[in-house]
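What follows is a pair of complexes built around chain A, which joins chain B in one and chain C in the other.
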Partner chain A sequence: MTLFLVGLGLGLAGAMAGATLPARLRVITTAVCGSGACVVTFAAATRVLASNHSVNFHSGAVLPLTGIDLTLDPLGALFIATTAVVGLAAICYSVGYTEHALRSRSAMAMFPLFLTSLLLVPATSSVATFLVAWELMALTSMLLLLVEHRHSEAARDAYQWYATMTHLGAAAILIGLVLLAAHSGGQTFTDIGTHSAALSPALRSIAFLLVLVGFASKAGAVPLHVWLPRAHPEAPSPVSALMSGAMVNLGVYGIIRVGGSLLGGGFLWWWLVVIGLGVISAFYGALHASASSDLKRLLAYSTVDNIGLVLIAVGAAGALSVTGHRALAALAMLAALFHLINHSVFKGCLFLGAGAVERATGTRDLDRLGGLARRLPLTAVLFAIGAFSISALPGFNGFASEWLLLESLLHGFAAHGAATLVALLAGVAALALTGGLTAAAFVKALGIGFLGQPRSDGANSAHEVAPSMLAGMALLAIPCVVIGVAPGLLASPLRRASAVALGAASVTPLRPGLGLDLSGAAGAVQPLLLVIAVLAAMALTAAVVRLVGRRGARRAEAWGCGRELQTARMEYTATSFAEPLGRVFADVLRPDHDIEVTHVAESRYFAQAVRYQTRADDGIERSIYRPVINLVSLWGAFARRAQNGSVHRYLAYGFVALVVVLVALA
Partner chain B sequence: MRRRSVLRSLLSRPVTEELARPTRMSENAHFRGSLQLRHVDVGSCNGCELEIASAFGPHYDAARFGARLVASPRHADGLLVTGVVTKNMAGPLQKTLEATPEPLVVIACGDCAVNGGLFAGAYGIEADLDELVEVDVRIPGCPPHPAAITEALRGLTGR
Partner chain C sequence: MTATMTTTGLGASIVMSVVQLVMIVLGGPIVLGVMAKVRARAEGRIGAPVHQPLRDLRKLLTKEPIHAEHSSAVLAIAPFVLVGTAAVAIAVSPLVTTAPVLAHSADLFVVVFLLLMGSVALALAGLDAGTAFGGMGSSRAMTIGALAEPALLVAILALSVQAGTSNLPKIVAATLAHPSWAAGPERLLAFVAFLIVVLAETGRIPVDNPSTHLELTMVHEAMVLEYAGPELAIVTLGEAMRLGFLLSLAASLFLPWGIATSTNPLNLLIAVVALSAKVVVIAVGVALLEVRTAKLRLFRVPELLTGGFVLAVLSVVTGLVTR
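Right after this comes the complex of A and B.
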């Protein structure tokens, strides 16, 4: 625990340094302190995961009345370790990134503070401490979102959405947790955990639903996701990486912690709701990811998709646990946590890569990119590793966890109850559909963004980014490959964390080994062997081609029907790539098409210019949020009449109120 | 060439005539039995196109002898060039030639492609086809008879 506190202290020291030191020293000092914080907390977390013992800490000094309570148990430690890895990469990356942005005093103070709060949340073990850490995380991330507000209208807009959603979510969590604390006679998680079984079912359900709403909005589950595709793209890239790689995880963490270990599993329908949220999120996120042509927006929607997959598995684990299938529940929870970790790693890598692209070209619009593989070769390779991982290609980590997800859901069919079966079936269908859509989205991101000819001057004149930024991406790309080749390495920490999550005795769903080998059911995959086989096949093919193939092949340019001028304007764009999908799913995406024809002045029979525009807005935002916003602004306009700023009027209100009170009392 | 009535041609089998020349098997062994052609119109009046369409139509049915028109030079064994090489089409002709895998055969179809024909020396003409690319087979005629086109193709496929 001392080690962990030292880590948090280093993070705070980084924040202090960022707030006080002059610009030159600021960047390097915060980087050193921040990376120190990550390394130290990672060490503390791995020690807990290795020993499987929880450590507690209580201090009355920091928070008045309640004091702070921290507990490092395997579940929290897993999240802390993941955050530390993503945080280390983001900090390393930010050294190069701060050459242009994110170097102001406030930004440099907030960045380590945000990281520290992310590390702190999974370690808190009382309602008060948790809420303080949670709110610190929300506030610091909000301020970081505003870093570029002077240049970007979109950042201000994103800030408003994020602030509203996160505060409503925090309010729901606050009410839910306080409700639990008030009825269990203590506000530490241990108190709630021991007394929760005695609480009335209605109270437990209300508390869970409130908490679920709050955490699901932080995790970006549909329909509470609307802030996510705005905030993640507009934040500076290291912050986006932390948001998508670490912050959304904590939403899932909250659901697991409260639903699983505090409320001891609860009822079946809770988890069916969670599966439902997951299915909708996965489908909706993947669809919008494959339709969007803004690189970071694509990544943000893909976060919604992946969190959906994790929620499906969390829900399946909860449902199986409630119905008494302990081993299957442990397997599903393990798959959920595994995918969460993998998502953090590859999505962090992809967001950092997208930031590098934005830095090098000045745009993140895929329709204006292209040809970056030649201009940013290292970024391209690292981004490709992330893209392969998220598309679940064998040999990369996404494959391992999605395989495990699918296995856990399929074996879950052994469970009883029609509702559970239907939910699991929907989960499998969502997994299959999003697998294809995600692959399409990342073929687009990689193929349109990095291959072909540059579609704008910015893309044409791009240069490789700073070495520290590349190192940051590499820090996340390497685990993608290592976990992908030997997923068995993570089996024991995952097993310990999922045992805590379910509050169950240790079931071992996986046999030891480098690959994944289910112990409770039939199913095994050895990514290492797959990789060796694929590499051997590639080497063999190359050798055969070299030996047998004809030498001196003539190379000619790509066939373009003999056109004299083949320009980048004739290339396939991201929008055209996504168009068929947009057509198939037009009922869900509901894209807007505008065609504007300008005629020549002399005659309406000749067009001077034709302008075509297509947009795929968020349909849920349009159909659910807009009416609410309109209603609120209507109410605001009404209230403004009463609140016109006149002191006399306010005095009159006070007088009337006083008279009413006096009359009422008399 | 025999002329047949429309009725008779509808009832009869496709025209098959004796080959006038011996097949140059040794030279064109690559294309024996199968010849995939990309048609390139570098400035034709479309007379040759009509006759090519007719040669590949049901009446002469050049496909019987292994010749086929394809959509891309990437799939082709050779080019079937019609018309006189205009200034605008000289570049695309060169690009099409580059895009065709080797070994390849270039067939000049019609007088315009063979020697400029009616348009030789006109102002919009780049050069004779001969001067720009190496022509292997020439089919004279303005336009050439479908039977002549079929015969030339049979000379290559050897069927």
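Right after this comes the complex of A and C.
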């Protein structure tokens, strides 16, 4: 525990350094302190995961009345370790990134503080401590959203959405947790855990639903996701990576911690609700990701998609656990945590890559990119690793966890009860549908963004980014491949964490080994052997072609249907790439099309210019949130009219109110 | 059955996997030739001999390699990824034998994602040269793939739920042990869904027309338009292998009889003959279907694939209800 506290202290020292030191020293000192915090907390977390012993810490000195309570158990340690890895990469990346942005005093103070709060949340073990850490995380991330584009309309808009959603969510969590604490005679998680079984079912359900709303909005589950596709793209890229790679995880963490270990599993319908949220999020996120042409918006929607997949597995684990299928529940929970870790790693890598692209070209609009593989070769390779991982191609980590997710749902069909089976089937269908859509979205991101010819001057004149930025991306790309070929390495920490999550004795769903081998049911995969086999087959084919065929490829102009000159303007763009899918799913996406035709003055039969614009706004935002916002602003307008500052009017209000009261009382 | 699988030595497994590979590498193009022949005959033509695709491959292999001007290494590597992933899928799947090499990892999801890897590589290659055609082909292929993949996954999942495992050799073994399964309603539904996916994944009519070069209708052909010479040969071979593989997998999963459950050479021979016969029958059926149907408009294809997906889901539901 001392180690962990030292790590937190280093993070705070980084924040202090960022706030006080002069500009020259600021960047390097915060980077050293921040990476120290990550390394030390990672060590503390792995020690807990290796020994499987929880450690506690209590101090009355920091918070008045309650003091702070910290506990490092395997579940929290898994999240801390993940955050530490993403945090280290983000800090490393930010050294190069700060040459142009994120170097102001406030930004340099907020960044380590945000990281520290992310590391702190999974270690808190009382309601008060948790809420303080949670609020710290929300406030620092909100401020970081504003530092890079203080004057940009989009950033301010994102900030407002994020601030509103996160505070509504925090209020829901606050009410839910306080409700539990008040009825269980203590505010530490241990008190709640031991007394929760005695609470009335209605109270437990209300508390769970409240915290579910709060945590699901932080995790970005549909329909509470609206802030995410705005905030994650507008934040500076290292912050985006931390938001998508670490902060959304904590939403899932909250659901698991409260629903699983504090409330002891609860009722079947809770988990069916969670599966439902997951199914909608997965499908909706994947669809919007495949339709987006803004690179970071695409990544943000794919976060919604992946969190959906994790929620499906969390829900399945909860449902199977409640219905008494312990081994199957352990498998599903393990799959959920595994996918969450993998998502952190590859999404962190992708967001850092998107930041590098934005830095090099000045835009993140895929329609203006292209040809970057030649100009940013290393960024292209690292981004490609992330893209292949998220598309679940064998040999990359996304495949390992998607395989485990599918296996856990498949074996879940052995359970009984129509509701569970229907939910599992919906989960499988969502997983199957999102797989193809995600592949399409990332072929678009990679193929349109990095291959072909540049579609703008910015893309044409791009240069490779700073080495520290590349190192940050590599820190996350390497685990993608290592976990991808040897997923078995993570089996034991995952098993320990999922045992805590389900509040049950440790069931071993996986046999030890480099690959994944289910012990309770039939199913295994050895990614390492598969990768070797594919590479061998490729080499063999190449050898045969070299032996039989002629060598030395000639360069020739690409086929342009007989046209001599081909320009980048003739290429397919991200918008045109996504058009068929957008048309297929037009009912969900409901894209807006604007076509403006300017005719030549002489004749209306000849068009001088055609302008076509298409946009797929968030349908849920439009149909659910807009009416509420309109109602609120209507109320605001009314309030403004009613209060025009005239003293006479206020006196009249007072008089009318008095008369009404008197009449009512009479 | 399980006993047979575990006692098979590694050497024997490798031999049988090589048999499967050779069968599909040579057989895939021949299946294409058979389908072309059936089409020709049904249309009143004589048609090329059935081994014409193999001759074409040999011719292409000796031609000069040409790369498009702005292309990168992706264009050069993609064909090998396509063939490599297809080869591994073929080697580990139970086509001729229930004990191929790496049978432990011969998982339904592995096979689906290996095929996806090949598709992704080819789609990236389509975008690599930066031409309008390549982008169009990639976009359309990924759209169709995004809709075909879920149907494929759920269709085979229906069989997995029944057998209680996603391991393909074990599914085949379980079907052999319970012959009545093959005629069950969930199997029939899953089979139809599977066939729709095979048509889409391999670019056959009514989804795509492999013999068209008209801009508006091309899907797969547009994507690989920049390939020439040996690389075109590899792409064509990869596509033929995928067709052969998917048809063989359909035969093994839905009608596994004849498949070798031991290393006895006679059994192996019977298995090779049985698999060839089953695949040719399915291929002739597909070819006759192609003759009798018109190609669908691109934006009607999703309806077909959604139909396949719904059938696959119904198949899982039927399996769960009737168990």
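Note that in this section the second predicted complex is superposed on the first by the 629 of 666 C-alpha atoms of A that agree within 3 Å, B and C clash if a C-alpha of one lies under 4 Å from a C-alpha of the other, contacts with A are read in each partner's own complex, and residues count from 1 in each chain.
Everything that follows uses one rule, which is that contacts are C-beta pairs under 8 Å (C-beta built on N, C-alpha and C of every residue); 3 or more make two chains touch, one makes a residue touch a chain.
Given the structure is predicted, the values throughout are model-derived calculations rather than measurements.
Because the two structures share chain A, they can be overlaid on it, and in that overlay chain B and chain C fit beside each other without clashing. Looking at the shared chain after the overlay, A:I448 reaches chain C, while chain B stays out of its contact range. Judged by the touch definition given at the top, the superposed model places A:R554 against both chain B and chain C. In the superposition on chain A, contact of A:G523 is made with chain C only, not with chain B.
In the superposed model, A:L406 lies in contact with chain C only, and not with chain B.
By the touch criterion defined above, A:E564 lies against chain B but remains apart from chain C after alignment on the C-alpha atoms of chain A.
By the touch criterion stated above, A:A462 is placed in contact with neither chain B nor chain C.
Contact with chain C, but none with chain B, is seen for A:V584 once the two complexes are overlaid on the shared chain.
After superposition on the shared chain, chain A has more residues touched by C, the comparison being chain B against chain C. Of the two partner chains placed around the shared chain by superposition, chain C is the only one that A:A439 touches, whereas chain B remains out of contact.
In this overlay, which is a superposition and not a single complex, chain B and chain C have their closest Cα atoms 5 Å apart.
Comparing the two complexes, residues 554, 556-557, 559-561 of chain A contact chain B in one case and chain C in the other. Interface residues of chain B, counted against chain A in their complex, comprise 72-74, 91-93, 95-96, 98-99, 101-102.
Against chain B, the residues of chain A that register as touching in their complex are 554, 556-557, 559-564. Listed in rising order, the residues of chain C touching chain A in the complex are 61-72, 74, 76, 80-81, 83-85, 87-88, 91-92, 102, 104-105, 107, 109-110, 113-114, 116-117, 119-120, 123-124, 126-136, 138-140, 142-143, 145-151, 153-154, 157, 160-161, 164-167, 170, 215, 225-226, 229-230, 233-234, 298-299, 302, 309, 313, 316-317, 320.
Taken together, the chain A residues at the contact with chain C in this complex read 290, 370-371, 373-374, 388, 391-394, 399, 402-403, 406-407, 410-411, 413-414, 421, 425, 428-429, 431-433, 435-437, 439-440, 443-444, 446-448, 451-453, 515, 517, 521-526, 529-530, 533-535, 537-538, 541-542, 545, 548-561, 566, 568, 570-573, 576-581, 583-584.
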